[in-house]
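Each of the next two complexes has chain A plus one other chain: chain B in the first, chain C in the second.
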Partner chain A sequence: MIIGKPLDRVDGPAKVTGAAKYAADQHIPGLTHAVLVTSAIARGKIIRIDTGQAARSPGVLSVITHHNGPRFAYQPPKHPWIYGQTHVPLQNDVIYHSGQIVAVVIADTLERARYAATLIQIDYAVETPEISVEANLDKAFIPERGPFNLRYEYRRGDAHGALATAPVRVSGRYRTSMQHHNPMEPTATTAVWDGDHLTLYETTQALAFTRQKTAEMLGVDQKQVRVVSPYLGGGFGAKGYVWPHTFITAAIARSLGRPVKLVLTRAQSYTMHGHRAETVQELSVGATRDGTITAFVHSAVSQTSMLNEVSWEEMDATTQLYACPNAELTRRVVRLNLGTPTPMRAPLSVGGYALESIMDELSHATGVNPLELRLRNYSTHNPENPSQPWGTGKFLRDCYELGAKLFDWPHRLPRPRSTRRDGGWIGVGMATAFHPTYVSAATVSIRMDADGKALVRSATQDIGTGTYTIVTQTVADALGVPAKSVRFELGDTNFAPSAPSIGSRTAASVGTAAHHAGSALKDKVIAIAVADHRSPLYGIPAAQVTAADGQLFHRLDPRRRETYADVLRRHGPVDSEAVWPAAPGISRSYGAVFAEVTVDDATGEVRVTRLVGAFDIGRVLNAKTARSQAIGGMIWGLGTALTEHTIVDEHLGRILTANLSGYLVPVEADVPDVDIAFVDKADPAASDIGAKGVGELASNGATAAIANAVCHATGRRVRDLPITPDKLL
Partner chain B sequence: MEFLRPVSLGEALEMKAARPEAVPIAGGTDVMVELNFDHRRPAALLDLTRVAELAEWSRDDSVVTFGAALPYTRLINELGTDLPGLAIASRTVGSPQIRNRGTVGGNLGAASPAGDTHPVLLASDAVVEVASARGTRSIPASEFYLGVKRNALEPDELITSIRLPKATGPQQFAKVGTRNAMVIAVCSFAISLHPNESRAGAAIGSAAPTPRRVRQAEDFLTEVLDWESPQALPDSAKRRFGELVASAAEPIDDVRGSAAYRKHALAVLARRALGWAWDAYREGERSCA
Partner chain C sequence: MKSFAYVSARDVPTAVSAIAGSPNAKFLGGGTNLVDLMRGNIEQPDTIVDITRLPLTGVDLLPDGGVRIGALVRNSHLAAHPLIRSRYPVLSQAILLGASAQLRNMATVGGNLLQRTRCLYFYDTAAACNKRAPGSGCDAIGGFNRNHAILGVSDNCLATHPSDMCVALAMLDATVEVESTRGVRRIPMNEFHVLPGDTPHVETSLAADELVTAVELPSVAVAANSRYRKVRDRASYAFALVSVAAALEVTGTTVTQVRLALGGVSAKPWRATKAEEVLLGAPATEESFRQAAAAELAAATARPGNEFKIGLAERTIVAVLRELVTKGDAA
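After this line comes the complex of A and B, so read on.
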């Protein structure tokens, strides 16, 4: 078995030697360069836009504004799903947020385009922007659910009644910040037309989305659009949906008759493809004195844009994680003059932070150890649907056990603000991690040539998580060949259609399709061999033939054997293809995260000194890539807890932290050694290979665990993220 | 934009005299950021990386002189023993890659109030050696910083070297950042003890329009520190010192931190750094005795 082994990334050598060609690395003859000019104001109108000087600047091929902007065949619908936002820039003079595209300059070199972009003069009629969630709470409303069917309201039982009569009641008002994805690879589009066929080299987490929506906007058939994206330097949601810069670039390339490349600057990435919304959440829990939860009432408000009513910050952990008969959830939005939010990292993590914080507050109120409190309220069935047992879909108990052991979680917690070391307060905290994970249709095709090597293809993506590697392992096992006999190609819509890399679905969906395609190919070759009188396997019932290490052999008499290559040299190449799943599915991943912090009570600086995560992600397909993903997710959780927030100027509505020195993603020196454990039990209900999602799950839990540890260290509950030093003084 | 590449200091000074608008560049860790963000577009860049003498250093019994283009990494490795305060501050600059490129000369040229090495240079009585085709002059660090990103250089002058007395006592540097590395200081503080003069130098960064010495706090230390028979400092003295340091600050609110937090944190950093330095001095006196 190769599945589960910590195989090194098969794409590693290409990436570290620079051989891997990312979207912006394509060398296209006659390539031109687009540079975006963005709005300096957050609300108002363009009165005058003077492009004369820019148009006369050396090398400039075209300057595009709303006066001469591309007109599209389609208007995206009201609700952003697949389209990241409704608004199509360059169609009129209205400004909805700072950083909106107001002009595009195309020149023969990037430098000349950048220079010309600075020559465009714009006069605005400025209006006062709305940029504060808190100041607009009275205008909050419940959005329509939209095509993604987001849930904004839920109730079971009588949550308010149960809360009113509960012997123990705890309430908290939690705030989480606007955040940005910040993948290392900048977002890029290169549009190349050949007649009426378009090739897009695109940074996308979803080839099919890009193809479908670009075709729709441009009024061409999907078959005329090819999207290529073999490598991605992260996406985290920023590259999940289709945003205007992509189809605008394609439209300009078409009208210009030249290939056009657009690479967003880091600053532009703060306004071009969404962000995690700021939220204000009020959460109450009712319980008996022994900590048995009787009610949750959770009410949240998050920011949305002037054009779109949407909140991706789902809060289903409150209604699905713990056994609790009465629950009410309401999610509302306020419109601000900022861009449209989009999923980031893990949509449930900001609601999960509030839930796991109030659990800690309940633990303080009842005196029940935080771990014991969670076990006391453990759900074996879906609290939203008591006839549905979690079954093999939930090994959270194992996570608690594994994590508590690794961390050496104390059965008796010292009182808050009672432990000091090296001049700082020490505290520990824990939290449950919870996230839904999905599967949707993936197609994987395999061709095995006469040399016995398998070429595997699927129009899916590797966003940096290890898709190349796990599919290679899966196919190698299904075929019974060494991993080096399998080559996996992805990232091209010329391959069979496959799953998007959003919602933690790639491994389970594509992995299972790969497994089935591999098994089917093995069966085909066995059938050929046993029917071929030249084969040593001739006449053996197919069911008694199996394969290992590139050899097909009789189970009962392994000396009767030959290689795949032997069969295929006689017969010629063999193909197979599999699609899985037949219908989309949802499952849930779990984890337990434990943190220790030291808080300097004089400066308020928080240092995370230990971090342990134990996760139930079904069957682990690659111990190394899964571990890396888990560590990365927990570091994000740390960032959300302590350092990351997008700061907006309260008068101008401009983002003040639109770079990596202002928006603080944690660095090495902020991160302690992170210990990871996996339950590694298959969940056959999630996927045929027993795997489910890990990416989103892992960035849940750490935020609340760290916040809880800070409270334990200092005796102060900061309910406003991130917990910067000034909040602890 | 012209890219001038002198190979000797003389040539560099002639170029600078002929093109005073040329912006000197060594490690480029500040200049390149400004160019990339289009904050400035100089008509010429004066590349100093080929001028060998700017990356050299020398020392005698009491003084270390190092070239303005000596990268932080070399400063830490080669001069860390003689200049411990500067080494501590240099280790907090950026990342290893940035420390391989960045230089103290660049820190001085940029004269950002947040530059990490400034408080140490001030506290340690550094002298900035500058030169032009007209000649050379020595500018004490305390007279070098004139305003936000403004320094005492004439348009035709280049920073050639930095001269510091070898440490004769313990030195400390501390900063608060919004994360543990790759960060611009929220505020910073440096102290250098000068036992042979029975005094201490102290300075703050990122807490006023320029890095600045905190003279009142220094005077306070002259009064309270007994250099002959050093005693443990009472907490009240450390606190008072911290207050005096904080009172010298004129910080602003910005995305990295509030003015109030900066003042508070400076007092803490000052109190602690003094404690560390003084304890080390007492330890040293005892072991010598």
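After this line comes the complex of A and C, so read on.
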């Protein structure tokens, strides 16, 4: 078995040698370069836009504004999914947010396009933008659910009544910041037309979305659009949906009659493909004196944009994680002159932060150890649907046990502000990690050639998580061949259609389809062999033949054997294809995260000194890539807790920190050694290969664990993220 | 980026004559700040005089026990130099807490002195900034000014000087040597950077045609017991909210020598002379340290966004002095 082993990334050598070609790496004859000009103001109108100087600048081929902008065949609705946003730039003079596309310069070189873009003069009629969630709370409203069917309201039992009569009540008002995804690879589109057919080299987490929506906007058939994205340098949600820069580039390439490449600058990536919304949350919990929870009341307000009604900051952990008879959840939005929010690894994490913080507050209020409190309220059935047992879908107890042991949690001193070391207060905290993970239809095809090598293909994506590697392992095991006999190609809509890489679904969906395609191919080859009188396996019942190490053999008489290559040399190539799942599915992943922090007495600086995560992600497909995902996710949680915050000027509506110097992603020095453990028990209800999602799950838990540790260290509860030194002075 | 002429200078006289005739020329050292600013169209020089080939890369012991540092010595080289590490640990520490390893490998001493503020509004050409565009106003004053100055501010500008190295140099009473076609001039470190007043675009006392050629450190015995402490929002690669450079000598229980400078609080590295006055001859106690810190910060003017810096600066001063007492005892 290769599945589960820490196989090195099969795409690693290509990536470290530079052989891997990303979306912006395509060398296309006659390529031209587009540079975007963006709005300096956050609200108002363009009253004059002078492109004369830019148009006359050397090398410039075209300057596009709303006066001559491409016109599209479709207008995304206010619930734009799977578009990223409703607003289509370059259609009129209205400005909805700072950083909106207002002009595009196309030139023969990138440098000339960039220079010409600086020559465009724009006069605006400026209006006062709405920027603050807090200042607009009175205007908050509950959006329609829209086609994605986001849930904004939920009730069971009588939460307010139960809260009012609860012997212990704790309430908190939590604030989380606007955040940005910041994948290392800049977002890029290269559009190449050949007659009526478009090839898009695109940074996308969802080939099919890009194909479908680009075709829709351009008024062409999907079959005329090919999307290519073999490698992705991270996405985290920013590359999940279809944003205007993609179809604008494609439209310009069509009208120009030349291939066009657009690479967003780092600053532009802060306004072109969404962000995590700022939230203000009020959460109350009622409980008995022994910590048995009787009620949750959770209301949240988050930002949306002027033309969209959407909040991706889902808060289902409050209603699904702990056994609790009464619960109410309400989510509202306020319209601001900022871009449209989009999912960011991971949608439940900021709601989960509030939930796991109030659990800690309840622990302080009741005197029940935080871990014991969570066990006391453990749910064995879905609290939203008591007839649904979690069954093999939940091994959270194992996570608590594994994590507590690794961290040495039982030996903590319960009293806050009880441990000092080197001028700082030491604190420990823990939190539960919880996230839904999904599966949806993935198709995997395999062709085995006469040399016995399998070429596996699927129009899926490897967003950096390890899809290439785990599918290679899965197919190798299903066929009974070594991993080196399997080559996996992905990232091209010419391959069989597959699921988007959003919602932590790729490993389970594509992995299972790959398993079935591999098994089907093995069965086909066995059937050929046993029916072929030239084969040593001739006449054996097919069920008694199996394969290992590239050899097919009789289970009862293993001396009767031949290789895949032997069979296929006689017979010719064999193909198989499998689709899985037949219908979309949801499962849930769990974890327990433990953190130790030091808070400097004099300066309030928080440093995380230990971080432990134990996760139930079903069956682990690759111990190395899963561990990397878990570590990465926990660092995301650390960033949310301590450093990350997109700063917007409240008067200008300008994002002031639109670069990696101003927007503080944790650096190496912020990250301690991270210990990871996996329960590694298959969940056959989640997928046929027993795997669930890990990417989003792992970014849950750490934020609250760290915030709880800060409270344990200092005795002060900061309910406003990130926890910067000034908040602890 | 605008087009510009590029001149490569081979020696100091060529470099200073190249710039003498071009009022809108800039010297290019490590380029870690200037090139960024040019890419953002914040700096738009018409001529770049590349000085990286000039022979200004020495770190030499002077007869009086001081050290002369060539203006083109890379930050990482200086921080690692045995003379600096043994005699001026505060300077080595300050440099190593600045920027990132990659940037320190490129950045020069002269460039570090002349780096521009990291005020977020200075970098956003859509915002008003008196430093970038004199007379346009200051959006930081009513805006996001958490990172901004509290000492020596004016109604025109709240920007801070971002350097860590300069805070240590100010504490050490360094001298900056500059040269132009008119000759050589020596500027005391504490007069090199100037407060914003009505002209925040004027950041130093360096004339437009002058080249920084060296920095000289005097012999400072007390610097052997010195420390640089930087408080910031993440553990590395972030600018100081507040930083403190300090050196302390305690004889018996009395402060007999002290030097103190602050970073992240002003448009210049802030030599804390008022605090030094309070401390000199005072008992080396927590109480004295608090009084000294309060005396220095008494003149602070904060906005709601950066008010915390006053308390943070006081607490950091006290913590660093306390640590130096302990360290001095141990030595």
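One rule holds in what follows: the second predicted complex is superposed on the first by the 725 of 729 C-alpha atoms of A that agree within 3 Å, B and C clash if a C-alpha of one lies under 4 Å from a C-alpha of the other, contacts with A are read in each partner's own complex, and residues count from 1 in each chain.
Here, contacts are C-beta pairs under 8 Å (C-beta built on N, C-alpha and C of every residue); 3 or more make two chains touch, one makes a residue touch a chain.
No experiment lies behind these values; they were computed from the predicted model shown.
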| item | value |
| --- | --- |
| Combined model on chain A: chain C and chain B, fit or clash | clash |
| Partner chain(s) touched by A:A19 [first = chain B, second = chain C, both, neither] | neither |
| Which of chain B and chain C A:D670 touches, first, second, both or neither | both |
| Contacts of A:L556 with chain B and chain C, given as first, second, both or neither | neither |
| Partner chain in contact with A:I41 - chain B first, chain C second, else both or neither | second |
| Which of chain B and chain C A:M1 touches, first, second, both or neither | neither |
| Which superposed partner A:A582 touches (first chain B, second chain C, both, neither) | neither |
| In the superposition, chain B vs chain C on chain A residues touched | C |
| Which of chain B and chain C A:L656 touches, first, second, both or neither | both |
| Doubly contacted residues of chain A, that is, touched by chain B and again by chain C | 114, 118, 602-605, 607, 642-643, 647, 656-657, 661-662, 664, 666-670, 724-726, 729 |
| Footprint of chain B on chain A - complex, ascending | 114, 118, 602-605, 607, 642-643, 647, 656-657, 661-662, 664, 666-670, 724-726, 729 |
| Chain A contact footprint on chain B (complex, rising order) | 38, 95, 176, 178-184, 255, 257-258, 260-261, 264-265, 268-269, 271-272 |
| In the complex with chain C, residue positions of chain A that touch it | 40-41, 98, 111, 114-115, 118, 423, 601-605, 607, 642-643, 647, 649-652, 654, 656-657, 661-662, 664, 666-670, 722, 724-726, 729 |
| Residues of chain C defined as touching chain A within the complex | 1-3, 41, 118, 120-121, 124-127, 139, 142-144, 146, 231-238, 241-242, 308, 311-312, 315-316, 318-319 |
